[in-house]
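Chain naming follows the written order as A, B, C and D, and within any one chain the residues start at number 1.
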Amino acid sequence: MNRLRPPARNSLALSELFNISSASQANSAHTVTESEKLKGVSDQIDTRTEWLSPDLLAAVRANVPLVYVDVIPVRVDSHGRVTEVGLLLKVASDGSISRMLVSGRILYGERVRDALVRHLEKDLGPLALPHIPPNPSPFTIAEYFPDPEISGFVDPRHHAVSLAYVVPVSGDCTPTQEALNLAWFTPAEAASSKIAADMTGGQDRLLRLGLAHVGKLP
Amino acid sequence: MNRLRPPARNSLALSELFNISSASQANSAHTVTESEKLKGVSDQIDTRTEWLSPDLLAAVRANVPLVYVDVIPVRVDSHGRVTEVGLLLKVASDGSISRMLVSGRILYGERVRDALVRHLEKDLGPLALPHIPPNPSPFTIAEYFPDPEISGFVDPRHHAVSLAYVVPVSGDCTPTQEALNLAWFTPAEAASSKIAADMTGGQDRLLRLGLAHVGKLP
Amino acid sequence: MNRLRPPARNSLALSELFNISSASQANSAHTVTESEKLKGVSDQIDTRTEWLSPDLLAAVRANVPLVYVDVIPVRVDSHGRVTEVGLLLKVASDGSISRMLVSGRILYGERVRDALVRHLEKDLGPLALPHIPPNPSPFTIAEYFPDPEISGFVDPRHHAVSLAYVVPVSGDCTPTQEALNLAWFTPAEAASSKIAADMTGGQDRLLRLGLAHVGKLP
Amino acid sequence: MNRLRPPARNSLALSELFNISSASQANSAHTVTESEKLKGVSDQIDTRTEWLSPDLLAAVRANVPLVYVDVIPVRVDSHGRVTEVGLLLKVASDGSISRMLVSGRILYGERVRDALVRHLEKDLGPLALPHIPPNPSPFTIAEYFPDPEISGFVDPRHHAVSLAYVVPVSGDCTPTQEALNLAWFTPAEAASSKIAADMTGGQDRLLRLGLAHVGKLP
């Protein structure tokens, strides 16, 4: 698997990348297992299940909203104009392989800023050099529910209230852990219906809200 | 207890009001009970403990951050200028009687907007006519921790990530339930050290951040 | 000319309305005159030319950026959700008949809030009851230039730096002065390519940026 | 004159620096001339008077508001927390020697981002490495008037509508041109009444609004 890094921009369609991913899902008998294992890995990292027993995690998910952060990583020029948007290729919470934002839970005792840095490092590697904005307020709030009718933002696992940020990164980004790939797109590409078709859970809409926030919605 | 409503502005010092409240706490043997009962009422309403068993609530509080909203209710003139700031007189989570913002938990399955309306109705009554802003992003994020050293925002019960809003109200405000009083202050009064001394948990600072957001910090 | 008011929503295509407007422009010999007269009226109101001689206005326009406000008037429900977006039908600065936002200059000595109220009254009438947000910062800055290549926001007359706001109106809106019509659209309609085709100078993009700001971009 | 650069933080009182400045204003007969010369230099740079004749500049100033930017330059840590605030020591528009923000006019044909970079370079030097935020909306709007009663923001020369930003700088800052000094302060120092006493035109209040925006108001 080639992991593209800027300035090389990945214009491969997700369908092309499916060849690779479907190869790793060759035997249908194993597909579910593979997918679930990946999902398990994701949960383990995302919620540090060593700190939260499966029973407690299930009880929490059924009773209170979780706090998340969503991050749109971007490249900016010397005047702060967004030139590129980074999207991960990951196994989403619904099991599909999707283009995704950097996303994850805020842990007990953790500051929002620390969660932003931790999830950016988790997904983009330790050399991404994120520039977390000094202003702590998110550009929008994405409310994820299992029911897709409520807000358009969907997470089949739980109700999550997610603080959404646009974060410039100036360093070397190498997708780590469960991300299959990281690709960079122009703002126009990122706002296109082609990319939207590769995203899930309403994250394509969240991406467009973020592009509008930085004045880059076509 | 006189519950003041605008346009009459309450300039009583909290110390004067203490006469009333200390009267209701006359017997020290009962004081704790009274205070705890009030606090229990607060929790019951705030977290709908009928939906969350005490054990589960304790487990949740010890393991994940809760999602809260904080609201600064304001009066505005016809041009949107903040003329008055409403502060509740309540038993705070630390047991003290304090000037407080409208504040409370977002419930499982509840939209942020619905939580804002519910908590405003809970504290200001059903006729307050809040004007929830169309923009869903809070003016800041207040991160409450039991440890006062972490962020300056303190809640002895749990870690809460609170979305903070300034919400104009144009109707008739009558404090309900556990609020002892609602008083209106000019922005300059609200930003004063006198009012700050009557607030707890860092809410005086949150109030000043909100006043700055609307351009009304002296 | 029927001037539609909410809750009646106007779903007429601009092309249908053109019948009316072309009727009023029946004789091509007079069309230019009519249009220019309207445009003259617009300038007169917009820049109070009684205060600014034509020579000075021309000198200003050629040498310094002007300060403008753009307003997206919206209807909101009791929870602050945008339900409808109001668009004017006006003769635009390029002479075309277009769907337009409420827009105009900030005058010498005028506060931004006063300019917002003045332009809303000018275009929506004195009973519109706008709720100017307490927070003075615009959701975005639209930079208009005669050259369409610079920012995508175009004003053939001058360089203008425009502060853009979303303003809920709760009263009775009746288009006044040079507006031919005021129509209300759902957020989805307002973000559609059909409406975009009826707008000019990049205001369709500004409208979508505003819809994103209130979480209502599809 | 020693021009301090971070990480060395300048805690000198302005009064101590006055020794230097009053030295350069030794002969009262020349003081006005010196001051006016400095002010003339300031105008020349600020408004590029080679492009705007004195007559036209006077006419513009008397008839339309000018568009300005105000910038609070800050140092941030790896998590985006503001650690230091940079303040210039300059001859203000009222002739006093004051702590000042980076501030200046947007020129005809100039993008807001370009004006931000230009004024930051003008005041902090070409190696300051400013990180202009991708979001174009200012944290507040400061409306300057000759009359101090109108908004609290004062410019004796004209009415200016100023877009205010907090901009992290990560490079080497060396005050250039008319700035006498650049000093860095902790957020708490920057919000103190001691620093406020050294500022003019309401910029101390604008500074506190900016500190609140980044959550750093005490």
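Heads up, the rule we're going with is that contacts are C-beta pairs under 8 Å (C-beta built on N, C-alpha and C of every residue); 3 or more make two chains touch, one makes a residue touch a chain.
Just so it is clear, the model here is predicted, and its values are computed rather than measured.
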Angle, in degrees to the nearest 5, of the Cα rotation that carries chain C onto chain D: 180
Selected interface, A-B versus A-D, where C-beta contact pairs are more numerous: A-B
For chain B paired with chain D, centre-to-centre distance based on mean C-alpha positions, whole Å: 37
Approximate Å spacing (C-alpha centroids) for the pair chain A, chain D: 39
Whole-Å separation of chain centres (CA-atom averages), chain A against chain B: 34
Multi-chain contact residues (two or more partners), chain C: 111, 136, 139-141, 213, 215
Touch-based graph of the chains, sorted into line, ring, star, complete or other: complete
Residues of chain D touching chain B in the complex: 140-141, 205, 208-209, 211-213, 215, 217-218
List of chain C residues in touch with chain B within their complex: 74, 76, 78-82, 111, 113-114, 116-117, 131-136, 139, 166, 168, 213-215
Interfacial residue positions of chain C with respect to chain D in the complex: 51-52, 56, 59-60, 62-67, 106-112, 136-141, 143, 145, 150-151, 159, 161, 163
